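Each chain gets a letter, A, B and C, in the order it is written, and its residues are counted from 1.
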């Protein structure tokens, strides 16, 4: 019997490896060749010299990194982080109550409400951004409305500034904030709140002390989904910033398509990747902390 | 007190929906505006829709986008589904999951220039095929994530039962596993299709001279600010993508399930 | 059994690969080698049935011209568009100078393409109509003798404004820097590198081709100050901003100011400021990698015909360096769009844009980044 069992186990082992090969092989190979290698090429380029008219001369140098430390580029990076942070914060403020509302709605309404929040996300990103060009225009609907109501005399400068860029980013990525927060609220269930109320906590206290801390993983996930794509975005600043508000994505695009300085563009891309990993590390930390709190509490 | 709070939440929700849908509604209304100027109402007209039909570049761009999205969907659905089953069944590793998911998290511009550098280094001719290759990189990951949420509900004992009844692995996969996860696969495919057809940044960097896709064309139209034809395009795109995603949602969501994993996977 | 599953999988992947490859080759340069043979001789070559891949600015050539050319020659024209010179240069860099047969770029970029070895030497014997070019257009400093380029249009850059919205007629580039109160946030400047610094350089009395770091720095500071007064940097829609009244005064190429004038003939005016301006020329460059140079030459030759040029000028409202063409243009149109009447001699009073070289290009690009940041 033991011999037969061993043989089965060996056969099983072989099968598992075969399965891994068939199932994971194609996808992982593709991932390696068309994701890891290209990012590797980019990293390699960042250590070489630019060619006079574009392209790369294979002479190792750290000059590109030195140049990136110029206050100019640090400034652009800082602007990008600031805009992305504000956009994330505003999205969070808008999304949390919405997620709370949906989570507390009757089960019949939850899915339709969620769908309504997500739908705009699945329509053309460019066209949604363009819609704000139409709305925020000095001669656009919002200014017409404000003037018609006699609230302002002169059209407000709504377009082509940091405000427009931030608004565009919030509009673009808001659904990505609502979803994970909703998911974590749903996981929490209504009982937690009831328990807290039984202990004579006010709804505000319940929200601050119980609901928000326990939905932290959702909040953090949502923040990443908004922050990371905002950080690298170049379309929104391009269309709504009028070339006056520049983010790191615009400079990377400029280096690749206009200045034709690929190595330097690669260095700037590295800065985005590093920031992304920092953010992901923060997320991992928060997740671990929440896990400890949850585990630590007696059930 | 609780009632007041729920009322303020309701008002918030209402305002949020206004914020989300007002811009879309304005574009759709403007697409029927006879006036050239977006700010003046010149009466109802369908002229922009008629002009759109005659816009050869735009039609060619739509055709290119459909070709790209078609190939991308086919390839990433196959790769993504296999990946999902593989990750669910053979390797249970959070680290591997996170690492594999990177192409979906990394800012698109980084992926775009990485691939451009890579294609340039290998002297690839840029064209529709390079856009397809690039889109599969992240679409495959989305398909995998979506199929996995579906696999979570799948009871493996059914497969074991099939094997006990003498079905070979291929047969088991085709007759038992695939039908069970099919809604997830189709939803993944639809999401892959929508993402590919709307993808701009990566396509912009990795397209060749004559492989202008729909978003690239739309970008040029916005940059050149030509005519309200763009509003008509917007109205049609909005309507079509809303329909596609509604179908996708119906398919991922069998009765009685929680609302997790709606399209975008956390 | 498992093996069969694996084999089937492989088959699927292989089929996908094949289709992909087919898709690729279908999309790339599908130029029959037949046309290649005659490219270096003056012998007429049968170009019918070949494909010519061209990239030009959007709306910079009437579609009818391309259609007529296709009908006359049997060549299929794949017509791509770019938004700026930098845009097409970026595309070419990405593809190592391949993918196109003929590209439209401004003068300085002819030099860049030549230095990269991507611009073909033009065989004048295949373009008989090249004789129609104005004498001035054969000695443009960026390519004397038209070795690598054939001028398509030329013109200058000036200030385009709404006479009903400005309190005084602008006469100096200083207007961007010292915005009168009524022009605050009502002006746009061109954002593409070569024109971005130009108002500053002209206003400071420097060459529009300067590579002097101190001068570039000074111009940069000037432009950063001017930026505070602007609505936006805009290369493509400034004329419609004038028409809608979003902007009252913009830095504009002469032809695109006329686009605005076409929609608002009463109020939109163009002026070359007192400090002078540039002479720019957009040119046609045949790429060295092209396998269908014969068709590219035929296309250039076709464009240089007076009756074809006339259609282009009347559509784009830009001047062509071709006296026969300009003479053929409907006088009523010239009357409505007076920049068309600017003579070659007048244009030649302005400084021609030329390439900045490696160091210069980097200095300019960095200044542009800093201005916009």
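Keep in mind that, in the parts below, a contact is a pair of C-beta atoms (placed from the backbone, for glycine too) under 8 Å apart; a residue touches a chain by one contact, two chains touch by 3 or more.
Everything numeric in this text was worked out from a predicted model, so none of it was measured.
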Chain contact topology (line, ring, star, complete or other): complete
Of A-C and A-B, pair with higher C-beta contact tally: A-B
Interchain centroid distance [CA atoms averaged], chain A/chain C, Å: 37
Distance between chain centroids, defined by C-alpha means - chain A, chain B (Å): 16
Shared-contact residues (touching 2 or more other chains) in chain A: 22, 26, 137, 139, 256-257, 262
Two or more partner chains touched - positions in chain C: 2, 5, 9, 13, 91, 93, 96, 244
Per-residue overlap in chain B, given as positions that touch at least 2 other chains: 39, 78, 82, 116, 133, 205
Residues on chain A engaged by chain C in the complex (per definition of touch): 15, 18, 22, 26, 52-55, 72, 75-76, 79, 137-139, 157, 159-160, 242-244, 246, 250-251, 254, 256-262
Of chain B, residues touching chain A in the complex: 1-2, 5-6, 9-10, 12-13, 16-17, 19-24, 26-27, 30, 38-39, 78-80, 82-83, 85-87, 89-91, 98, 100, 102-103, 105-111, 113-118, 121, 133-134, 136-137, 140, 144, 194, 198, 200-201, 205, 215, 218-219, 222, 230, 233-234, 237-238, 241-242, 244-246, 249, 253, 258-260, 262-264, 266
Residues of chain C that touch chain A when the two form their complex: 2, 5-6, 9, 13, 84, 86-87, 89-91, 93, 96, 112, 115-116, 185, 191, 193, 227, 230-234, 244-246, 358, 361-362, 365-366, 368-370, 372-373
Of all residues in chain A, those that touch chain B in their complex: 16, 19-20, 22-24, 26-28, 30-31, 34-35, 37-39, 41-42, 45, 94, 97-98, 100-102, 104, 110-111, 113-128, 130-135, 137, 139-141, 144, 171, 174-176, 179-180, 182-183, 186, 203, 218, 221, 224-225, 228-229, 231-235, 239, 249, 252-253, 256-257, 262, 265-266, 269, 272-273, 276, 280
In the complex, chain C residues that touch chain B: 1-2, 4-5, 8-9, 12-13, 16, 19-21, 23-24, 27-29, 53, 55, 58-59, 63, 78, 80-81, 83, 91, 93-96, 98-100, 236-237, 240, 244
